[in-house]
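Heads up, the next two complexes both have chain A, just with different partners, chain B and then chain C.
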Partner chain A sequence: GVLPHLERLEARAHALALRQEAAEQRQERLARLQGRAQELRLRRDELRAKLELQQKRLLGNEGVATSGDPDAAQPSDRAILEWKMRNVQDLLQLFYLTGLSGKRTKHGVCFCISTAYEGTYLDSFYLDLVTKPQVQIRRHSVPVFIPLEELARKHLQTDIKRFLSVLSDHLNAYVGRRYQADQLQERFSGHLEGTLQRNSLCNALVFKYNTSGQNEAFPFSARLLYGDPCRSLPTEAVVSCTSGAPAPLAEATAAHAAAFRRLPLHRALEALSSPRRRPD
Partner chain B sequence: MDETVAEYIRRTVLKIPRDEIKTMLQTWGFLSEAQLQTLNFHQTKDYVSQEVVQLCEDNSADIKQAAVLDIIYNHVYPNKRMWSVYQMNKSGEETEFFDLTDFKKKFKRRLQTALKNVTINFREYEDNAIWIRIAWGTPYKKPNQYKTSYVVYHSQTPYVFISASVIRSTLPLLCQALVVASNYHDIREMELRSHCLNSLKDIVFKRYSQTFQTYYPRPLQERNVTSENVDLRIIQENKNEKERILRVNREVFGDGPQPKLEFAQYKLETTFKSNPTLDVSDIKEPFRCLVKFSSPHLLESLKSLAPAGLADAPLSPLLTCIPQKARNYFKIRERKGFFPGSFVSP
Partner chain C sequence: MEDNIYQVYEDEIRSLEEEIQMLAEKYEDRQQESMFYSDEEILMSIKSFQREFQGESKERESPSDLKAQLESLETDLSFLMKFTGIWFTRHSKKTVEKTGSRTIQKHRLAGNCHSLPFQLEFQLLEIKNKESVSAVITNLNIIMESGEYSGVSKFVSSIEEHGNLLPFFRSLSSYAEWCEHRRCTFLHFK
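Take a look at the complex of A and B:
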């Protein structure tokens, strides 16, 4: 009959579909496993290569003496080398921290002047000098407002130590003044009206401030001039008070000016703003 | 409010990208916060600019305030102008306290006695830069606000950055006013030009990264360059050469980003050197030729030439000396080396 025939065909189709599905799954699994095998092979190669590299390095360290007990000889050689390296690095770091370090180059010397203020290390400046036929500056990273050419003209040929010392003074003083101005701006912004008015060398500062720290009125007006380029404290400090201010404020201006002349900027303002009052 | 002022403000606002209009108006500070709240910045720029003009009308803006907005725009987008660098020279040794008010007064006075019809505006920024905007007129005409020169000066430095104006004849006047106001003797134009103002500053103030040989140990992370993900089945045949190229390149260019210049121009006035068999060799006159290198970022592209294999390392010093010599226009004559432009005072 037709119906059983159809049933048989249907059953066959079903079985075929099942077989196909099983075949596809097997294929997928095969592909996955092949991929995994590839990954593992790569990893094996990597590890092999690492191992070789490591062995080569160990052999290199040991050098020629590969006598009976390689394990005992090797760590101590290595340890000594590391100790020596650390020592040299510390020594170089020490030189760097003294503020003046140098290195010979193929045409002369390269000096590094590192600056600091109140225990904080700040910028480093470099000078690349040639020594033949004369001592001359080949390249440098000194800012353009430091009178480098002038100092070189005066001292470079005659007394190089003096040149470096004076230049270091200029640079340290500039960096110190800049640091004070930055600290004032950052830590005492509530005391200042707007931003500090300064110039490139930071040797003329003008600002309005108060001692209370709240952003209300700024009765005091200060003008600081740093006449000596090698000093980081002002040579001249003028503090004035707005005309409508109460008498005790007006009388304090002289004391304020003295504080600015004596102390670093941010410490001066700190001292002036502190609630301590001197008994009259 | 003057119609010209209104139109000027409208055109300035139109130049600003739409997302930046609000911030720039706030920096300007001429319109109050309440007024700014009434503006709808999502409209087309045409509408926004007209509303801004209306508000300025309410506040009676004059040309001085409009000029300030122009300075602010140019400060944020300085790269739309071409800048030249000038160097001033003086012989005195006095330590000076740069007095800003004195500078401004002298500059204005010098310029205004020579030419009455100028608009001069100053604006100081926190990095000690003084921006000066000058709009030029003639003895018979009011200043043309669309023909402006810009000057950027950092106090106590001998360098001035000038954005060339269309009117070249006013340049000597401007230079003279600068020299007088800053207490220098003379001024000359350096052979250094670019659109990127900050890069020009980096070059002359030596703020770009130079390599100096020191013993100060470099951080250890830099030394472990052997990367772990390189396939170790591949062997580099000329590894040594590659490392040499990288090392030489680093010595010349340093580690940090290079200043951004757009071109370098070499004017050759050398005699043609050719194969002796050719007849051309008996021409004794210099073979005049101009070589110009242009790039969106010339120094970075020079830096990448050798590692990319396109040039030998070390590169010619004619190319690598650009930031060191602070120039991108060169004249190369016969004999050894090249002669920089001479010092001339106006």
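Take a look at the complex of A and C:
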């Protein structure tokens, strides 16, 4: 009959319309993407050209341009101020590298003690101080095993710089010891039996190790004590060898102990494991 | 099949966006590092910027905002220099390498710690990871007068060997304060 025929036609027209719509959407999407890519390509090329001009300009003036340079586009006042701000921010960041930075606050001062071990910067610790009526610690991020209260009692009221200096010694030494233990664990895991045993202050370490680096036997046993909380080398190193180990190993324990007392942990093991020196 | 062509464009767009950001940062860094404005020029800019503002739209930061920010930063810097006794008199930095999360900058720094002058240069490698930025000092070179203390050059060599910039400043600070104390003590007895 006519009706089903009409229905079929209607259905076909509908399907066609949907397909056309979908095709149009795909076209639009493609056009958008092409447009955006084109825009970005232009922008990228502009920037490349700008950088080339800048390079030529800078090389022409031996790399330093002053505001009197006739070739440089005269920067706006805003740009000059933003330059100065970045400049001052850079200097403030440099203080971080010196180990002590901070700023005044409503109620006093907030100091930041940064720590480093041989050029690698590690944790920073905050001390929020009130200055009136007396200097007191309001808040801090110093770990509990650092004797903060004791140091504060001794120095905070009388000589704040000395307080910060001694606290910095404690913190730098602690972080330095921890870093050495981490480095040993990370870089010499083949030389160590399991994980290094340590306390929170990282001033007592116990580990079993070998110098071969092959994960088989661990004939040596080391116990290191760091008696001075402000130092990152041990004051006491005891190395023993498993009974029944060959004589050269047993004889090497004294040299091992000396190495641990003299060198950072990871460097000591590195030296002891170098092919030249290994007794095994 | 069609999805492929979208992916190709989207990949290109992403890579272009990254390249644009890197190029823009490189340009800004070089601008910053090659310019120098004296304090007088800065003051003049502040004044003329405030005059210009009369006609400018309210959307961007007003000059008084910028001026206030600058003053706040300078107050912070001045406090630190007074407290620590470390005065930086000259500083320049140059971005030597900047790729993805790694940046290497060469720094030249000169100043005084109390009355002890120092001059040094170093490279700073910064690596950005998800939570933090790690910083490592390399190629540290220190120039210091030996003065009366002969152990200074040995001290300096050991510092340079291990990139011990932080202990250098802290030792410098202690030593300079000790010198000050000594000087004051001698003056007291004169």
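Worth a mention:
Everything that follows uses one rule, which is that the second predicted complex is superposed on the first by the 201 of 280 C-alpha atoms of A that agree within 3 Å, B and C clash if a C-alpha of one lies under 4 Å from a C-alpha of the other, contacts with A are read in each partner's own complex, and residues count from 1 in each chain.
Just so we're on the same page, a residue touches a chain if its C-beta (ideal position, glycine included) is under 8 Å from a C-beta of that chain, and two chains touch if they have at least 3 such contacts.
In this text the structure is predicted, and so the values were computed from the model without any measurement.
When both complexes are overlaid on chain A, the residue A:103 reaches chain B and chain C alike.
By the touch criterion stated above, A:44 is placed in contact with chain C alone, chain B being left untouched.
Touch criterion met: A:115 reaches chain C, while chain B stays clear of it.
In the superposition on chain A, contact of A:142 is made with chain B only, not with chain C. More chain A residues lie in contact with C than with the other chain of the pair chain B and chain C. In the superposed model, A:95 lies in contact with both chain B and chain C. Residues 89, 92, 95, 101, 103 of chain A lie in contact with chain B in one complex and with chain C in the other.
Interface of chain C with chain A (complex): residues 2, 5-6, 9-10, 12-13, 16-17, 19-20, 23-24, 26-27, 30-32, 34-37, 41-42, 45-46, 48-49, 52, 63, 66-67, 69-70, 73-77, 79-80, 83-84, 86, 88, 91, 93, 107, 109, 124, 134-138, 140, 162-167, 169-170, 173-174, 177. Residues of chain A that touch chain B in their complex: 45-46, 49, 89, 92-93, 95-96, 101, 103, 105, 110, 112, 124, 126, 128, 139-145, 147, 150, 195, 197-201, 203-204, 225, 227, 229. By the touch criterion stated above, chain B contacts chain A in their complex at residues 93, 95, 97-100, 124, 126, 128, 154-159, 204-206, 210, 212-217, 232-233, 324. By the touch criterion given at the top, residues 26, 29-30, 33-34, 36-37, 40-41, 43-44, 47-48, 50-51, 54-55, 58, 63-67, 75, 77-78, 80-92, 94-95, 97-104, 114-116, 118-121, 161, 165, 168, 172 of chain A touch chain C in their complex.
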